[in-house]
Amino acid sequence: MSNILEDNHLKAKYVIIGNSAAGLSCAEGIRSGDKKAKIMILTNEKFDNYSKPLISYFLAGKIDLKNIFFKDHDFYKKHSLTLLKDFNVKKINFRNKEILSWDDKKVIYEKLCIAAGGVPIIPQVELAFLSEKEEPGNNSNDSHIKHGRSGIKSRIISEIDIKNIDGIFTFTTMDDSLKIKKYVTANKIKESVILGGGLIGLKSAESLLSLGIRINIIEMSGRLLPSSFDKTASEIYEKAFRDKKSSVSVNKTIKRVYIKNNKVVAVETGDGKVIYTDMLVIAAGVKPNIDFIDEETEERKNLVFLRGIKTDKYMRTEVRDVFAAGDIVENKNVLKNSIENIAIWPLAVRQGMAAGQNMAGFFKEYSGGFPMNSVEIFDIPGVAIGITNPDNFDKKHLEIITDYNRDLNVYKKIVIFENKIIGVLLIGNIERAGIFSGLITNKVNVGKIKDLLLKDDFGVIQLPAEYKKHLVTGDAVAL
Amino acid sequence: MADSFLKSFKNIIKKSKNGFIINAENIAYKDLNRIIRELVKNDKDHTYFSEDSGRSEIIEIQKVLGQRYIGDGIQENIKIVLKGTPGNDLAAFMDGPQIEIFGNAQDASGNTMNSGKIIIHGNAGDITGYSMRGGEIYVRNDVGYRSGIHMKSYREKFPVIVIGGRAGDFLGEYMAGGIVIVLGLNTNDFCRSNSFIFKKNEAVGNFVGTGMHGGVIYIYGDIFENKLGKEIIKSELEGSDKAVLEKYISNYFNYFSLHYNLDYNKFIKLEPYSKRPYGNLYAY
Amino acid sequence: MALKLNQSEFEIHRDEQKCISCQVCVRQCSNDVHEYDEDNESIISDNIKCVGCQRCETLCPTGAIRIKQRESEFKYNYNWSPGHLKNIYKQAETGGVILTGMGSDKPYTIYWDHILFNASQVTNPSIDPLREPMEIKTFIGRKPDKIDLYKSSGKNMKNPVFLTNLGPQLEAEIPVLFSAMSYGSISLNAVKSISRAAYEFGTFYNTGEGGLHKDLKKYSESTIVQVASGRFGVDKDYLNSGAAIEIKIGQGAKPGIGGHLPGEKVNYEVSTTRMIPEGADAISPAPHHDIYSIEDLAQLISALKEATEYKKPVGVKVSAVHNIAPIASGIVRAGADFISIDGFRGGTGAAPQVIRDNVGIPIELALASVDIRLREEGIRHNISLLVAGSIRSSSDVIKAIALGADAVYIGTAALLALGCHLCQKCYTSKCNWGIATQDPYLTKRLNPEIGARRLYNLLTAWAHEIKEMLGGAGINAIESLRGNREHLRGIGLSEKELSILGIKHAGEAW
Amino acid sequence: MNLNLKYKSGYRVPSGCAVFGVINESGRVFNGEMVINAISMMHDRSNGLGGGFAAYGIYPEFKDYYALHLFFDDSLARKETEVFFQKVFKIKYAEDIETGKNNNIKNPPIIARYFVVPKNIITVSEELKELDINNESDYKSAEEEFMARFVTDFNYGSNNAFIISSGKNMGVFKGVGYPEDIGHFYKLDNYKGYLWTSHGRFPTNSTGWWGGAHPFGFLNWSVVHNGEISSYGTNKRFVNDYGYKCSFSTDTEVLTYLFDLLVRKHNISIYLINYILASPLWSDIELFPEEIRDIFKTLRIIYSRALVNGPFSIIVGNQDYMYALNDRIKLRPLVAAKNKDYSFVSSEESSIRKVCPSPDRVWFPDGGEPVLFLLNKKGKKPEIEHSPVEYLNEYFSSNMCKDKQKVV
Amino acid sequence: MQGRLGKVKKIFIREEFCIACRLCEIYCQVEHSKSKKILKAFKEEKDLISRVLVEEVGFNSFAIQCRHCSEALCVEACISGAMIKNKNTGIVICDENKCVGCWMCIMACPYGVIKRNISEKKVASKCDLCGDEEYPVCVKNCPNEALQLRDI
């Protein structure tokens, strides 16, 4: 496939930017309707495909390179897909339907799906470059940057710094994972700071922990996984971290990172505490990867709603023949009835599939989604579905029922709004979590079974009759 | 002993151009059959009958009436010509000869026959070809009930019955191999004035092929579905079927000097669903 | 609580090597025999609660359980059998009548087992039922003495006038019908199984006195609706919903005794079907209180015929009692179209043991004597005779028909096909096989699709066997066997018994 | 003792046999030589334990009298019988039946015939008093009924004398021996009849006895039969229920009573009899045209006990016709032939050809398909009522039968 | 009962006939054990997991296992490509070699019929319709045909 790269002008009926969940689903979606036309997939990476969520498992050594691919090796061949690797999109000329790369390759499309995913958010952290003799944190205070001190060089961190300075990493790509792996192995790293207690933070923490590295998580908000967890849930994991001689610091930020000899040596938190560390993982979240869409253009304005690309229910954007799917997209949150970016794998797949089918001419609706995530750290599985922290809901119709068994480390929280479940948080026992996502998706009235929801033997059988019938006889039945 | 036996019948045995002529009037079947056997044994040259070579040594029996078991158990390839009405069990256990009857045959002709040929210029009675294992039977006109019952092929043996007229009920009952062909053409027994029983104007009676688990029945013209035994399936001819039919039907036409213009597309073919129709009958 | 003197009837053997503590037995026993001990992760079984239904044994996936009749429970005494002792202990404790279920298990002579059937050899050919036609279709209903086919005069020769009015007939594809078992005494799923099997096979089932559940109306052409003394569920619709009507006078297991369905079995569905209040006892009086004599029976028969416009055969079911022959004669003369006679080994959901085991006569003798008596009176051919009371196999059927029956009813055999293991505890309503119970947890265990299939299979198998035996005897229509006692021989029977049965002894030629 | 009691006391004697029958439909009479010739061809089908003949039209001079043929054990029995007969009958003529000497015929009984009419039946029979007799035809029926009861009662009650033949202008000649010997023993070449049936017997289970030989004669009926009836018990009880007493314990006796009951007493057309004795299968009945299906269904249901099961071929003689029938799945052979006004039925074709070498037509009746040859008395067929069968025949002949391709 | 013969077949749940004996669970555990022998599996192996689940409330009960949905949410949610729906047979299978135990599928499945198997490597454990068997063992061993394998 690599020889294709030598061709400067490439054409395909369908072009997909992005080679992950959404992109490949999109390709499958197209193929389900159009068996023949050329499909070209552009990726800025050098791998065939790999599952981004798996990079933490790879880092932890739980899976090898062979298994990090979520599509088989013959996937491209089977679906006659042309994959252009190392294709870094510089800009898209929507009027001419051209995609240009930084190395001046050009791809011409008839229909385009942008599934370029997300990129890490880099927070405004100061980098302090220490000389050999300087030590981090001495007399440090908030005015440090402004006034300077004995000539310490400092600046706000940039993407280039992450690439160039040893020990600072983001953690969203295979490259990141490989780099970290190489770094920790080569330097026999024992101590690490993770900036951010969100999903990426936790995942990277778990991986590093399993490599025998102590973790210091610095989370800006009051709890881990702030979008999904509540304080109780967070504390279960915080305790688990502490048990592993790691630390979790909530309501804290990192204001400064100390670099010596182009290498991270310590971080200083917002309250002035210095934490010596060999490495720093910046896990402050991701944002839609829309940088290659020229900010000046008309199209950019049409495409982008808040942070990502807005699509309709057919995954069409405002620009003709341009579709989008995956973490780059802003679409409906069915629970809030709002438009937002929900960057989770299942929705990426679903959107990609819908986009692909619509590109091939079939009307396939994507009806929106809601966030959900599962983690398992220190053998404690946790699942958060929907709105687990219902801040903006009318309290009158809101019920939150919880059950916390400290001995077993089992915590259940169910958020009910107007007799319908809108959020579920399960820690410790997640066995039948999916039933709740079903109830949420299908907006099932649980008014009569509220008492049963938290029971250990809660299952399909207790569900309201009609919905149960749908389930039991549901997909598999025509009685 | 044998010679003296034959001598005692010298008045009724005459040498003919190519064999013997026997006048069987009022001769008991035991005597008649022994005469035939002795004549066969005496033929030391074994210049037996062969249809292909045209050579023939023929024992012709005239005025046959009711004598049973003619040809029973004979293994040599002689030809016997019968004029009259032979009795039951004609050619039972026969293993070689060709018997040609100018007249009707009674019941159980070709019973458990191993090889040879029976050509009947008339009708044949019930259970014609019972348990026949090999050889061929040609009946110019009709046959009675249960013709071809339990006939079966075995290794190189392959029994064939060709019926020019109509066959009674239970044709090919239990049939396990071989071929039965019913033409339904040359019948003298079709619309019977005395018949009260509901019979469609068809070449075969009821319960065709009941219990059949091998072999093929070909019938000229379609038949009423209700007549089919529950173990068989009706289908149309394939190319190879036509070749088989042509072979035996041309024999039939030759033997009886007949000719019909047959439309081979009008044949139906009956075959069993299974070699083991009763596989599920028993509880173990 | 005073000491109970009765010991357990069964021993539960659990092979610990095989027991995997899966608890299927625990979950399946409605008598709470088995209990899971969490501490030991093992199962403990209580012999005394066991009724010997073998549900656990049957379902145990490793074959770890064996239920054995408990031996030497009492000191041996020929006269005072364990049965007597147990009953006395129980009665001494409770002061009650000993109840039991299913037919009598006492060792009276079973005449079926002393009768042998005939086959052809040489003088006539046996007939191969698989290949040759073999007819076992049976018509049940009243038949006239002779036929008057057409008018002897009249000019319209093209349209002969058919004079004989045959009267309504039940057309059964096999001379085997399912006998009366009411919804209430058995579960709806059991009735569904039976009715569906009857419908699909082309025979009949009998509602018993339980009324006709709405789900069974679709099988009405295969239904015999029963009118018993309690008249449960009987209305004009009910009468018209069946193919025939049977007036129940008596039941073989409990001649002269009424019935009693306890209120706890009368749930919503049963109450609707029987048209009685929910939870109320359903009591069938011993006699019909409009029948105190034979002429009253005639009156009821006529009333039912009037109500159904003479479109359905009306029969009468009686127990086989000592003077059954004249009783049967009276029933024929009262205008019944068929008589059902239930022998003393007939089954029941609940009967006083003392009645069940001591009242009535065996069906074989009743049948023979009724057939002869009706024949002597020249009225046998007018009526169809159905017999019941422990028909256990196709050979019993064949023998019954050769003795003179038109058809048989099977009850216990049908329940066995549904899984019954004859534990005889029907009256407890805890039937572990989901048959004699209304407990929804238990009735679920009988899937009527499986039940109907099993019954259909049973009839199919019996039909094959009946045909085999008929064919062996050189007969190709069941009517040629009816009353053909020449094909029967007794074995090990006294002259008197042979004479009542009207058959020769084995070894005697024609 | 020829009339050994034990054969009478409920022992049934099944048998395999040869049957033959011939009728001249124009009513021309011919002597018994032909039928002896024919039946002798089937010598091997019998074993010398029974043979017999029935002949119609043999007693024209006594045609209005019942010709009773009797076997007596001894002269005492004969004496007693004759005294009894004197009371009941007006005896027109009586004689020993002439027999010839035949070495193969052993121990014949005393054989005699009586031409009789009953004295006033109203006075002799209490039972018949109840009958409603208004005219000659009623009286004729009543007289037949009287004779029927008399004959069955006589045979049932007697141990040493039997009436073997009781019709008018007909007679049964039978005994223990091969049929050809019996024929010569009775000198049948001296008799001339228009309808002859004959029987060669191969009884099993017992030695033959004179009374058990065939044909079975009862009133004008004579029946010869080949095969064993599996439904014997059922059929016997059926005729028993209608007052027939079975004295001879043979299938043939029961068959005869079935014909008498159905045709004479129940007035069922001879055209319908096969639908009872060899009923069509239920599956065939379903195929009948709807208009008459019920009739056949009813017929079978009511007369289910008259279904004759097991292998049989029978030839029934009557003053008006010769009737032959096979069981419905044809387990016994039957061949029919016609040559001008002679018609034949036989177990084997060779017997027919023996007496009629080239008949116009030879055919095998199907199982349950009757063969009926009517006597054409003075150009007048016997009165047979219109029946569903004619309708059926018409239906099928118009719908089904079309000429086949002709021989080239 | 008819065999699979490559057709798309599914297990139908018939609640009205489930008798809560749980034999389906027992046989499922055996089928997915190492030895596949009931005594050996139960006596010697640990952490047997049933992929069919009997739910019971009062006399109501049924056994539920993977519905092999036409649009399977578990497949959609799977981040490792372990959960695959075979387009020919319709069967959804979790490739335990690829599964990393992220439990996204458990979270997605509205029937709640995927289980955590943490006995060795963490993997999602679910009904595979007993791949090689003519009938899934739960269907084969249901004494009351409350589970039926039928064509779609």
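Order of writing sets the labels: A, B, C, D and E. Residues in every chain begin at 1.
As a working rule, a residue touches a chain if its C-beta (ideal position, glycine included) is under 8 Å from a C-beta of that chain, and two chains touch if they have at least 3 such contacts.
Since we're looking at a predicted model, the values are computed, not measured.
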item	value
Distance in touch steps, counted as few as possible, from chain A out to chain B	3
Neighbouring chains common to chain C and chain D, by label	B
Chain C reached from chain A - shortest hop count over touching chains	2
Label of the chain whose CA centroid is most distant from the centroid of chain E	D
Most widely separated chain from chain B, with each centre as the mean of CA atoms	A
Comparison of C-E and A-E (more C-beta pairs in contact)	A-E
Where chain C and chain E are represented by their mean Cα positions, the distance between them in whole Å	43
Chain centre separation in whole Å, for chain D relative to chain B (CA means)	35
Centre-to-centre distance between chain D and chain A (centres being mean Cα positions), rounded to whole Å	105
Separation of mean Cα positions, chain C and chain B [Å, integer]	54
Of all residues in chain B, the ones touching two or more other chains	170
For chain D, residues contacting two or more additional chains	283, 329
Pairs of chains satisfying the touch condition	A-E, B-C, B-D, C-D, C-E
Touching residues (chain side chain B, partner chain C) in the complex	170, 173-174, 207, 210-211, 229, 278, 281, 283
Chain C residues within the chain B interface of the complex	128, 130-133, 461, 464
Complex contacts: residues of chain E adjacent to chain C	14, 16-23, 26-27, 38-39, 42-43, 58-59, 141, 143-146
Footprint of chain C on chain D - complex, ascending	11-16, 204-205, 227-238, 240-241, 249, 265-269, 272, 279, 281-283, 294-295, 298-299, 301-305, 307-311, 328-329, 331, 385-388, 391
Interfacial residue positions of chain C with respect to chain E in the complex	17-18, 20-24, 27-28, 59, 61-62, 434, 439-441, 444-447, 449-450
